[in-house]
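What follows is chain A paired twice: with chain B in the first complex and chain C in the second.
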Partner chain A sequence: MRLALRELRRRPGRFAVATVILTLIALLLMFLGGLLDGLLASSTGAYRAQEADLVVYSSEARDSLVRSRIDGDVRADVEGVEGVAAVGGLGSVQLGGRPGGDPGSKDLVATVLFGYELAPRGLPDVAPPQGTVVADAALQAEGVDAGTTLLLGPARTPVRVTGFVDDTRYSGQGSLWGSLGTWRAVTRANRPGEAVGDDVVQALVVRTEGAAGVPAAIDAATEGATDSLTVAGAIEALPGVSEQRATFNQIIGVTVVVALVVVALFFALITVERTALYGILKAIGASGPTLFVGVVTQAVVVTLLASAVGAGAAVSLDAAIPPGAIPFEATTGRLTSSVILLLVAAVAGCAFSLRRVLRVDPASAIGTGG
Partner chain B sequence: MFLAVREMRRAVVRFGLLVLAIALLVFLILAQQALQEGLLTAFVGGIRNQSAPVLVYSVDGQRALQGSIIPPPLEEAVRRTDGVGEAARLGQSTFTVREPDGSLSDAAIVGADVAGLATPTALSSGARPEVAGEAVGSDADFDLRDEVTVPAAGPSAEPVTLTVVGLAADVQLNVTPTLFTDLATYEAAVRASNPDATEVLPNAIAVRPAPGVEVDELTERLSAASPEADALTRSEAADESPGVAQVRQSFQVIFLLYGLVVPLVTGLFFLIVTLQKSGALTLLRAMGARGSVLARSLLFQVVVIVGLGLVVGVALYASLTRVDLGFLTLRFDPTAVLVWSVLLMALGLGSALVAVRRVLRIDPVEATTGGGGG
Partner chain C sequence: MTDTPALRMDGVRKTYEVGDDEVVALDHADLTVGSDEIVALVGPSGSGKTTLCSIAGGLLSPTEGSVVLAGDDISRYSARQLTDVRRTRVGFVFQSVNLVPFLTAREKLVVVDELAGRKARRGDAGRRADQLLEELGLADRAGNTPAQLSGGQKQRVAIGRALMNEPALVLFDEPTSSLDSKLGEQVVELIREEMKSRGTAAVMVTHDDRITHIADRTVTIEDGHIAA
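Let's turn to the complex of A and B:
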């Protein structure tokens, strides 16, 4: 292993191009993963923030919040189910917001207004009073501050921002959180086609006492009028979430295979070049496995170096991309998993050279004169 | 050439790995190109391939058809604008629909109140709707005579049934099966799904310019007609839909990175191979082989390896485009294949120039002095 490390130190040029290629592949992996994380974070935050166990939609909504409609009778049925600890209504409407001082502005902020009863993480237990909202912190990049009045929709319905909450974006937009009354009034004024009655909400958020059968019990109690999902299930059912995850993971998988092939190719070539050297080393007592460990060590070092540069580039990219442009997030988890995938690919790639290293015959290698 | 072919035959694994790496990269690039095109078509094909040259949104809609709402004063301002030939109220929303077997699925329904305006520009089969309840459907999702019903959301609502009488290609919206019908049917669908709806306003006004009026000129006039109006040409409406630009930017970064990896891998491979056999190359030079012959031999290998990689990669891509992904249509794009093949071959040959330079610099005298060994 010492020899392998010394070679890396004394002949870095030999490994430079392979390191550059692996750096690009590392950056690709991290960019693809970061893109997926950014997309998912910006579309699922409002659900991830729910401090509840279940989300209940009307059964014909096909798990779509905007198409779901639950009236007071269905809600009463849900509240009566054994194991249900608390039930809250949830409603949403997506609208453009203008700064209060400029109702004629064409520079709009994309928002989604939620009305809630059961507080998600970071929000007050009692929803803000009529006409006031707590905004997602992402909206600060759009010039929204505490005390800002936003004029929502074509009706310019005013809502005043009283504070901020982190990581609750939904459908790629910054969220505003208010009472169900605020949501109903804003919807009625701006989207009469989506207006709902006073006892109607789009979905119910349910806290349970922990029993596993509660979702089925709720759907049975409402005679099939509802479709109850765990919060994780509701996130997965959001439009595009599972498709995006599957597509990106497939692309990431093939990119890891490319990394494996590149490492295999590079170290196969290096091994061919070193056949005579390995012969001499074997002749003076080095075992095949020892030599192979050296190859693996070099692959790991090159991969770690490439990963470090790739991760640095990914973090810089994350900082450089302006808000609202590419939805990219370089998270520690994603960078770590990308490095692990690359290391696995590197070690697996080296295995292609294993047979050649073990097969080197010290006698014939010395005989050829190296 | 004989030596070049012989060398490749004798080192099948090494050259095979390079072919595999290039093939996978080519496949990834082409698959993602198809994915980008498929995604964008599924997102905004219904806008790009509809017949109205101009769409007027409300500024509030932020160029999202479903997000735009046209209040009556804005509609009047649009209709009064000089140069407007025909104008149709256009409604669009996504609904849960029940199929004849009772299963539920999603469908985007687009309704317009002027026949032939804001409908698919061409039909792949069937006919245009003639009566309420008939629709043209996206041909990736529907067959002729298919029936779907928007179920009633309450006892006070009436279900609405749509019958597919015509089919059109690439007319999906929001990656959802899409139906084009008349406005009255659309409005009935909205009321079926939400009996509390107080009023069903159009999402946009579809406009055809009067004879002699240019589309760009009319969009400028329409945008100036009201501070609430955001008039866009058909292609602008498609390209500036929320998310479209981000999808393009994201894929461009991905293509750039993959495009860089291919020549680097090829260049690295041939540089190492050249270094490894520099002793043999020196000997060949000493025996009278010209440097240009050896360089041509190396470039021949590059062409063969990159060419094989391209063939395998394109074959994998062609297989992928035959797979039914359900929500998305991935098409084999000969132009993309041609462009990427030429580009990657050029980059591959370009990257091998370092190795070629090394071959050309070999001094035959080194064969007699023991140089050139690596």
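Let's turn to the complex of A and C:
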């Protein structure tokens, strides 16, 4: 291993090409991962912020918040289920908002107004008073400040922003959080066709006492009128989430395979070049596994170098992108998983050289003169 | 110096399968090398010198016969055992002296110890390397890489490396083939001095008359047979 590290230190130029290529691959991998995380974060924040265990839709809504309607009778059934600790209504409407209170303004911000009862993370336990909302912090980049009045929808319904909450975007849009009363009033004014009665909500968020069978018990208690999902399940059911994840993961998978092939080809070439050297080293007492550990060590160091540059670039990019410009997030988890994937690809790539290293004949070190 | 021969080969035969044919590389070779004896091994190309040398050094196993190295019969050793034998009991000086081009002279000696793995490492490898370099007149070249050494200096480093593990037997493969006549003579003298002063046995594959002159004995091999 020391021999391998010395070679890296003394002959860095030999590994430059592989390092540059792996750095570009690491950049691509982390950029793709960051984009996926950014997209998912901007699509799912409102659900991830829920401090609840379940989301209950009406069964005919096919797990869509927009299509779902739950009335007071069904809610009462849900509240009566054993293991249910707390139930809150949730409603949403997607509308353009004009910041600044000018009805004629062409400055339009895409928003989703949520009405809530059970407070998600970072929101007041009691929903803001009628006509006031807490806005997602992402809307600050759109010129929304505390005290700003947003005129929502074609009816220009005013809501005043009283504060901000982090990471609650939904469907790529900044969210606004108010009471169910605010939500009903705004919906009635702008989408009369979607207006609901005072005891109707779109979905219920449910806190349980931890029992595993509660979702099934809820659906049984409502005689099939509901479809209860865990919050994680509800996130996966959001439009486009699983498709985005699957698409990006496939691209990430292909990128990892490319990294594996690059490492495999590079170290296969290096191994061929070193056949004579390996013969001599084996002749003086190096074992095949010792030499292979050296190859793996070099691949791991080159990959770590490439990963460090890639991670540094991803973090810099994350810091440099203005909020709301590109949905990109360089999270520690994503960067770590990218490094691990690259390391696995590097070690797997080296494995293609294993046979060649082990097969080098130490007797080849002695000349063929007789 | 001990009475145990550094090497004793009895009835050693080495054959290779080439298609349906059997090629005999070495045929019932007997050779004994005393504990501080220098033997020159000569013969035409393809005569079996390399095969004999490889079997003596644990690079190859014999098809038949016995090979006893410093009292241990290594004839049926596994590949792993032979690796240990080469690392601890045998020294090699190859034609190609540029072992690991990115290592300094001192590192070239210490690497022998590093290859042993952490558990088998000796504690004094650095000190022994310094001592050998001093003895070989290379103390001031310890930090030089091959590119900064002359041909003779490189060969001396190679000799130092071969002596690093205090071997019972050192195998030289055409040690002067890449040197001019003056350097060749110096290296030949150095080899004799180093082997004799340490009481270490040596087998030298060579075509060089200068080596046969400094050897205690010259063994000729032809068509896989050691000439009587």
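One rule holds in what follows: the second predicted complex is superposed on the first by the 364 of 370 C-alpha atoms of A that agree within 3 Å, B and C clash if a C-alpha of one lies under 4 Å from a C-alpha of the other, contacts with A are read in each partner's own complex, and residues count from 1 in each chain.
Everything below uses one rule, namely that a contact is a pair of C-beta atoms (placed from the backbone, for glycine too) under 8 Å apart; a residue touches a chain by one contact, two chains touch by 3 or more.
It should be emphasised that the depicted structure is a prediction, and the values quoted were computed from it without experimental measurement.
> Between chain B (first) and chain C (second), which, if any, makes contact with A:Leu40: first, second, both or neither?
The answer is neither, since A:Leu40 touches no partner chain.
> Quick one: is A:Leu176 in contact with chain B, with chain C, with both, or with neither? Answer first, second, both or neither.
Once the two structures are laid over each other on A, A:Leu176 reaches no partner at all.
> Contacts for A:Pro192 in the overlay, against chain B (first) and chain C (second): which applies, first, second, both or neither?
In the superposed model, A:Pro192 contacts chain B only, not chain C.
> Quick one: chain B or chain C, who's touching more of chain A?
Comparing touch counts on chain A for chain B and chain C gives B.
> Does chain B (first) or chain C (second) touch A:Thr247, or do both, or does neither?
So A:Thr247 only meets chain B here.
> Please work out whether A:Arg62 is in contact with chain B alone, chain C alone, both, or neither, and reply first, second, both or neither.
In the superposed model, A:Arg62 contacts chain B only, not chain C.
> Chain A residues touched by both chain B and chain C?
Residues common to the chain A contacts of chain C and of chain B do not exist here, since the sets are disjoint.
> Enumerate the contact residues on chain B facing chain A in the complex.
On the chain B side, the touching residues are 13-14, 17-18, 20-21, 24-25, 27-28, 31-32, 35, 58-62, 67, 69, 71, 93-96, 98, 104-106, 151, 153-154, 174-175, 190, 193-194, 196-201, 227-228, 230, 242-243, 246, 249-250, 253-254, 257-258, 260-261, 264-265, 267-269, 271-273, 275-276, 327, 374.
> List the residues on chain A that touch chain B in their complex, please.
Residue positions touching the partner: 17-18, 20-21, 24-25, 27-28, 31-32, 35, 58, 60-62, 64, 66-67, 69, 71, 94-96, 104, 106, 108, 110, 153-154, 172, 188, 190-197, 200, 239-240, 243, 247, 251, 254-255, 257-258, 261-262, 264-266, 268-270, 272-273, 325-328, 352.
> Sort out for me which residues of chain C touch chain A in the complex.
Per the stated touch rule, the residues are 43-50, 53-54, 57, 59-60, 80, 83-84, 86-88, 92, 94-96, 99-100, 102-103, 107, 111-112, 114-117, 145, 161, 165, 171, 173-174, 205, 207, 221.
> Over in the complex, which chain A residues touch chain C? Could you list them?
2-3, 6-7, 10-11, 276-277, 280-287, 290, 362-363, 365-370
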